[in-house]
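By letter and in written order, the chains are A, B, C and D; residue numbering begins at 1 in each of them.
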Amino acid sequence: MQQDNHQIPDTSMRYKLREIIFGTDTKAGRYFDIALIICIIISVSLVFLDTMAGIHEQYGEIIRIFEWIFTVIFTIEFALRLYCSAHPVSYARSFYGVVDLLSVLPSYLALFFPGANFTLVIRILRLFRIFRVLKLLRYLSEGNVLLRAMLQSGRKVFIFFFSVSLIIMVLGAIMYVVEGPENGFTSIPKSIYWTIVTITTVGYGDITPGTTLGQVIAAFTMLLGYSIIAIPTGILTVEISQEMGRNKDLRRCSNCLKKGHENNADYCDHCGSELENDV
Amino acid sequence: MQQDNHQIPDTSMRYKLREIIFGTDTKAGRYFDIALIICIIISVSLVFLDTMAGIHEQYGEIIRIFEWIFTVIFTIEFALRLYCSAHPVSYARSFYGVVDLLSVLPSYLALFFPGANFTLVIRILRLFRIFRVLKLLRYLSEGNVLLRAMLQSGRKVFIFFFSVSLIIMVLGAIMYVVEGPENGFTSIPKSIYWTIVTITTVGYGDITPGTTLGQVIAAFTMLLGYSIIAIPTGILTVEISQEMGRNKDLRRCSNCLKKGHENNADYCDHCGSELENDV
Amino acid sequence: MQQDNHQIPDTSMRYKLREIIFGTDTKAGRYFDIALIICIIISVSLVFLDTMAGIHEQYGEIIRIFEWIFTVIFTIEFALRLYCSAHPVSYARSFYGVVDLLSVLPSYLALFFPGANFTLVIRILRLFRIFRVLKLLRYLSEGNVLLRAMLQSGRKVFIFFFSVSLIIMVLGAIMYVVEGPENGFTSIPKSIYWTIVTITTVGYGDITPGTTLGQVIAAFTMLLGYSIIAIPTGILTVEISQEMGRNKDLRRCSNCLKKGHENNADYCDHCGSELENDV
Amino acid sequence: MQQDNHQIPDTSMRYKLREIIFGTDTKAGRYFDIALIICIIISVSLVFLDTMAGIHEQYGEIIRIFEWIFTVIFTIEFALRLYCSAHPVSYARSFYGVVDLLSVLPSYLALFFPGANFTLVIRILRLFRIFRVLKLLRYLSEGNVLLRAMLQSGRKVFIFFFSVSLIIMVLGAIMYVVEGPENGFTSIPKSIYWTIVTITTVGYGDITPGTTLGQVIAAFTMLLGYSIIAIPTGILTVEISQEMGRNKDLRRCSNCLKKGHENNADYCDHCGSELENDV
């Protein structure tokens, strides 16, 4: 974002606002970020707490007022971002632009359904309100080792999940035939649901095999799920290991050009100048 | 498969069909594959959905019609594969030949049991119908790193599972003696089933220890299962790591013969010519 | 601790006591440690057992007597530590000083609430009594590989948990809308509790999805939780691997200065002199 | 064992028997081993099946006869091992000697309690019968990579489990205070049992938190258990990796002395002579 600063002529105030709202380098920018994070967390917590019957009855009115205060704050934030962004259209279309819009729109839309308390429409609008939590994603430094390791291992992990899906479908169908509706396996989709519950070692116990043969297949399914978890773990471990090695190679001192610094090194171990931290 | 093309004289049409049906290099071949994958997925989904009581009542007739359409499509596919295969007999005997046959046969066999609705025979025939899903295995590139890593670690993983089986049997028998039939441990096989449910951390809760001593042994079983999962994970991680290193060594540029390319490299980093992607 | 011995003048007896109580090098010091560990384990076990109704009725009186014996022992230990410590104030303020105080204080405080049997105050005082178990922490050698590996991977693991928290909140809110109070998802916080139970593959089964869409989302949640466990495992494996390599580099023979000894080597493999074991 | 063959004078027949019973190099020795493994598996399976009410009623008599046949077979085996062993006393005292004795003794002892059907004594004697399964341990090649990796990582894994135990005890006591007997947390030991069920992600659901604070602590316990599993996995992965590297170094060709062969190599890659397989 910072590189675009000088592409179009800016009024001094618009430029300054952009530094504060989009940037993290100035003191004001950091204060703005922290205030925003606190607003997001309180706002989302209120949405969550309001769904609890006891709290809704006692504090429902206060929560409604705070709800509107936060809606106004986020509306102002959205307007300011639109105003001071170097490319307002591309911001509005970006992932964060849509998230920022979605975090205020439902509150205004709810005004059009005033009498319809507790209906599905209100419920879904309330759901959209919790997407405010996605505003926090902005503060997760992207381009990190984890994401790259996951993308690197994507193809292998896909093959793994494809194979597991085949196994789940076949086992689900077998269990439907073996156990049948009388033991809770009322259909193949439900039987597949049971297989997923079992193979991932979740094991709710809402559906359990009743026949001896069913229990033998269930035992096999558990042991399978218990052991194949090793495969994605192995893939990701190797990828993270390679990615961190590659990362180390990339960490080059801008002063003496020595590379290969540790991921958590803050200073060059050859000339002592500070290293940029972009792991 | 492609290498066999010139071994026996082919009519031009048979050769072309083979390119489409068995090959993936031509445009027509890719379209054929995608169409087939869609047919398999829809067909298997219908078999699954038909087992749900509500859907069976409302859409049972339509599903039956689609069922026959897909049966005819897969029958034609099977006939074409037999016709254009360079070695029809070895195709018919191969894993995929048997799967292709099993994915159409049950529908025809069901005609011989017309009145017997919802009997075990029909149920098992329906089960065979979902083996169509195995046709998808054709599209999983074989010879991949995962399979080789698993085969490499086979002996160690076998020793691990053999040891775990011994532990499960001994713990199962001990729990049968400690808890007894009054707490749901009605027999040693059932007690072993409980031990597997517990050691794999599935934990249905359909059978739970009632005595204090039983709960102590159960706690020990859980902690054991929780920690020994580390062993197959460790084995597979090391094997995948070695296999990927070996794989990198094998990736040789066919132009300048430089080897040791990254698993996800598409071009030789020495001369820039494209690399074959056979990871 | 040993280095401080000569900083302030000590009476011979105070010095000797310090060797026994804080040190582990002398025979008397080791006997003192073992006796203390046994006292801690028995004392905590008695607190635990006393909460079982049957045992409380039969042996409640004997446990109360032993409880007071251990309180006196730990009081004497605390007094001796204060007396013979080189810096009594910094000991009293240290983590272990506070733990030592907390392990005797509740018993004395309980004397002021004599009639209030089974009230919340007594309950919480009893809770503090089990903090005696933290006295055992003294005997875990600090500065070990595990702790450093965890600190090293802290930032990555934090990003992982932050991302997982976002996923849990979004999935929890979606499930609240999809399932609703009629299936046990009475509020978003309860729905988030269910999501954590499911994503960590615990799966109590006290709340389970009733609708088909809810079961589809549940299945997705399980598969997600089942696979993302690979990420922290991968991070920690790589960090432990690096930490152990670094550790090996640090193991230097004090005689011939050769470094790079194995973590479990007891003697230098070059000159045969004993190595210090500080892994 | 083979090295002791010539230490004491043997009759030709005793020597031959030892080759068959203790050795695995001759054809007769392998046949003996396979026959014994089959006997063990069938015998243990019969003990297991006999505990199932339906099978006991119908086939109880036949199982009793087979039980005696196997007892006689194992008695003869034990007698022969004692007779042909080079050091009968050290065999009788060894782990396998005790297991061999324990696998026949309970059947003879049961003769002294003839009328006491289904009493605790008979039950425990029956339990000992399943120790026959431990005879199979003989066929697990010892000195393997896994065992050494586990021993190597022993100290670190112990520290891990010690820390986890402290966490479990503290969390168990907190949950007892927070939830109390009215929610099933009737005592601290029961509360600790619940904590183990939760932290290992087993999650039976026989005891679940009822209060909101209890559910928050439960959620924390689950996330903790879900993530700390990474620690022993990381330790073991690193140890297995090192152990396999060390193993590779040890694999030396007895012909050309080249070392560093792959763990699964059967022939020396330098001179082509066969390698001994002792991984």
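A few notes on this one:
Methods note: contacts are C-beta pairs under 8 Å (C-beta built on N, C-alpha and C of every residue); 3 or more make two chains touch, one makes a residue touch a chain.
Just so you know, these numbers come straight off a predicted model, no measurement behind them.
In this assembly, B is the chain whose CA centroid lies farthest from the centroid of subunit C.
Counted by C-beta pairs in contact, the busier of B-C and A-B is A-B. Here subunit A and subunit C face each other with different sets of residues for the most part; under half of the interface numbers are shared between them. Chain centres here are Cα averages; for subunit A and subunit B they lie 30 Å apart. Each chain gets a centre from the mean of its Cα atoms; for subunit B and subunit C, those two points are 43 Å apart. With touch defined as above, residues shared between interfaces to two or more other chains in subunit C number as follows: 189-190, 192, 201-205, 225, 229, 233, 235, 237, 241. Looking at the complex, you find that subunit C touches subunit B at residues 201-205, 233, 237. Interface residues of subunit A facing subunit B in the complex, by the touch rule stated above, are 152, 155-156, 159-160, 162-163, 166, 169-170, 173-174, 176-177, 180, 186-192, 198, 201-205, 208, 212, 215-216, 218-219, 222-223, 225-227, 229-231, 233-235, 237-238, 241. Within the complex formed with subunit A, the residues of subunit B that make contact are 44, 47-49, 51-53, 123-124, 126-127, 130-131, 133-134, 136-137, 140-141, 144-146, 149-150, 157, 161, 189-190, 192-193, 196-197, 199-206, 225, 229, 232-233, 235-237, 239-241, 244, 264, 279.
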